[in-house]
Amino acid sequence: MKKYFLFIALAFVSCTVPLPAVVLQTDFGLKDGAVAEMKGVALSVDPSLQLFDISHEIPTYNIWEAAYRLNQAAPYWPKGTVFVSVVDPGVGTDRKSVVLKTTSGHYFVSPDNGTLTLVAKNLGIAEVREIDEKINRRKGSEQSNTFYGRDVYIYTAARLAANKVSFKKVGKKLPKEVVSINYQEAVLNNGVIKGNIPVLDIQFGNIWTNIPDSVIYKLGVKYGDSLQIEIFNNDSSVFKNTVPLAQTFGTVAEGNSLSYFNSLMNFSLAVNKGNFSNTYKVYSGPGWSIKISK
Amino acid sequence: MKKYFLFIALAFVSCTVPLPAVVLQTDFGLKDGAVAEMKGVALSVDPSLQLFDISHEIPTYNIWEAAYRLNQAAPYWPKGTVFVSVVDPGVGTDRKSVVLKTTSGHYFVSPDNGTLTLVAKNLGIAEVREIDEKINRRKGSEQSNTFYGRDVYIYTAARLAANKVSFKKVGKKLPKEVVSINYQEAVLNNGVIKGNIPVLDIQFGNIWTNIPDSVIYKLGVKYGDSLQIEIFNNDSSVFKNTVPLAQTFGTVAEGNSLSYFNSLMNFSLAVNKGNFSNTYKVYSGPGWSIKISK
Amino acid sequence: MKKYFLFIALAFVSCTVPLPAVVLQTDFGLKDGAVAEMKGVALSVDPSLQLFDISHEIPTYNIWEAAYRLNQAAPYWPKGTVFVSVVDPGVGTDRKSVVLKTTSGHYFVSPDNGTLTLVAKNLGIAEVREIDEKINRRKGSEQSNTFYGRDVYIYTAARLAANKVSFKKVGKKLPKEVVSINYQEAVLNNGVIKGNIPVLDIQFGNIWTNIPDSVIYKLGVKYGDSLQIEIFNNDSSVFKNTVPLAQTFGTVAEGNSLSYFNSLMNFSLAVNKGNFSNTYKVYSGPGWSIKISK
């Protein structure tokens, strides 16, 4: 009898513990079949895999935005989730293909081109391994030079999630570091905070900075207080005004500006029921900076 | 032996009866990571949940369109499906967060801001409960004021679908009503039908009205007959012409206008292989109305 | 005891062998609820179905692009996968609704309007059956004329994937052929290759031809060699230049043109970190052709 119950117990386990999710991010868009090719490869590895998406609308070749979106979404997913990010302007050059395991227990499959800058910093590096393409490459894809997303990255991610390759067998261990993009961190000096505008909350035209609430509170301000804000595109001043720190959008009239902490608890700017970015021609990127004082 | 079979029976049940689907709708778009944050929270509640989407392209803050899309899609989903709609211009104000159970057996998690107008009317209100955030809020999110979609709505929807909270434990029972948007219902007087153009069939530029086939048939018309159509943007006449009632698009020449019953069996207008909306500058919303006679 | 183990064995099978995936493609876009209506119907057939998407951004009524995208993605999915394509300008006319089984073991549910041109050619026709709407039509949809995608196609695809209808019961067997679109195949004559530009790699503005690497190699060229390229929009020459055949984008300077083999191993053109299509006003379709020589 015992062997039967072992058999049954296995059935039980295979049913009730679903495989870790595989979560995709690319700059491919969804107008063609490229993302579907990747998903087909994943399902061919294991048809019980669950596949999800962050965004496939990362602006073409924009590694910084890839880094930002990955860092925005990843912390909310369960341990063991395998992320695949394919924003890869250097495909075919000597940039490495890696899997990063973070101390938070998440896996990130990506070219090591800066995409991992923020998750490495914020979730911590547990281990980095270089993908060994001799083992981790879709059969029959050896002739193709240009679609690593399909032939290497999703294939490796799917096999990792489906436990068909162990993390150790992905490839050789690398030093505990990833290629990182330089960016202006948030600083407070003599009562003036400086920081960067890494991205917009694009759907609503809100301005997101990299300045956490804790730095703002060091100015000794509370909800309802006014802040002096100046925004620069490189050296030219684009916006200069006094804006209240609001707990909710509804505390200012429609069309008025406010500052608030976004869902990542970073300092942000919005127009209530409007679009701050369009109204004031404020955009995001390494060249955009902000100065805040009381 | 009996206890073993109980165990086996449970395994059987947990395998063959999948959890109810969770279906998301927002005005967030898919360019950033916001929807992926929500989905990560859902998978963290239960990794075996199946997640789907209606649309994340609801125009920003457009509660009416949110109501329309929810009502369009929901009836086709199985009983027990949990819908989450986050179009929430009043976030942070005193609008309530609710779960509506309809008499059709579907659940709707949403701010009670008008989004539930049409599903409440068409699927029937079985019970409305206010979400008690003391119980139904993602751990660690207490400081954040601005992302109810992630911290309250999807968290509650996922727990409901995964049976980790019962409908009763969502929060206190409210009166059997939801906040409803006023809209012009379809009426027939003296041989003239009046109605509203709630939305476009945007991909094809077709005009969808809220006038059901049964009202049109009261004019005594049949397929092939001509109808007098006039369309108004508030008080100004935008389109006035005679249009046949067609059973299929192919019965009129390419580029010609026709009227038909859409997949919801509502009166609609199209240009065969063309775009009625672009051609005649006819759009949708509360200010757009239509007059139909024989 | 035996009957219990049969029961257990069934449980095991139903758990560990997931149902075949159902993969959708339409020209509906994702702004309204149409795709979600289809998915709801599929889940109502069997709540354990896994649903995926190729694209819902096929340009309206563009059967050729539907054919191309289906052919691009399908080969990467497991045998048994059921594809549903709804690009159906002839809805309501006498075009047939069919299920194609390819010799590769994939199923394609579609109007027989040209959409199946390329998968039939490249994956091989095993059998074609006409959908018998008396059996394969969603209950309650008999009055609706206009949404075959929801009422017939996805319903049939879901029942096929969930094994609730056998392929034989879909409807009567048709001859081994599908409606096919004429297109210029790649030819080599007297050292000059002619071919078609079926689609763009739209996200990056790259030009994809239908000319396989094997035909290019017959010119006796290797990576690094120059090729004479001329591109025509019908009879007018739009682009004429010498372009290197590059193994990787990184071998030419930023902003320079190159030719390469795409992930389908077809001859393609790109600007390194730029957009060939926008730069040179080269687009795709039946009227666009290319001439290549050494």
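Here the chain labels run A, B and C in written order, and each chain numbers its own residues starting at 1.
By definition in this document, a contact is a pair of C-beta atoms (placed from the backbone, for glycine too) under 8 Å apart; a residue touches a chain by one contact, two chains touch by 3 or more.
All values derive from a computational prediction rather than experimental measurement.
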Same or different contact residues where subunit B meets its copy subunit A, judged by the half mark: different
Size of the rotation, in steps of 5 degrees, that lays the CA trace of subunit A over subunit C: 120
Euclidean distance of C-alpha centroids - subunit B vs subunit C, Å: 30
Separation of subunit A from subunit B, taking each centre as the mean of its C-alpha atoms, in whole Å: 30
Multi-chain contact residues (two or more partners), subunit B: 8, 11, 15, 50
Contact footprint of subunit B on subunit A as seen in their complex: 5, 8, 11-12, 15-16, 18, 20-21, 23, 50, 52-57, 69-70, 72-78, 81, 199, 201-204, 213, 247-251, 260-263, 265, 273
Subunit C contact footprint on subunit A (complex, rising order): 4, 7-8, 11, 14-15, 27-34, 36-41, 43-44, 47-48, 50-51, 60-61, 89-93, 143-147, 150-151
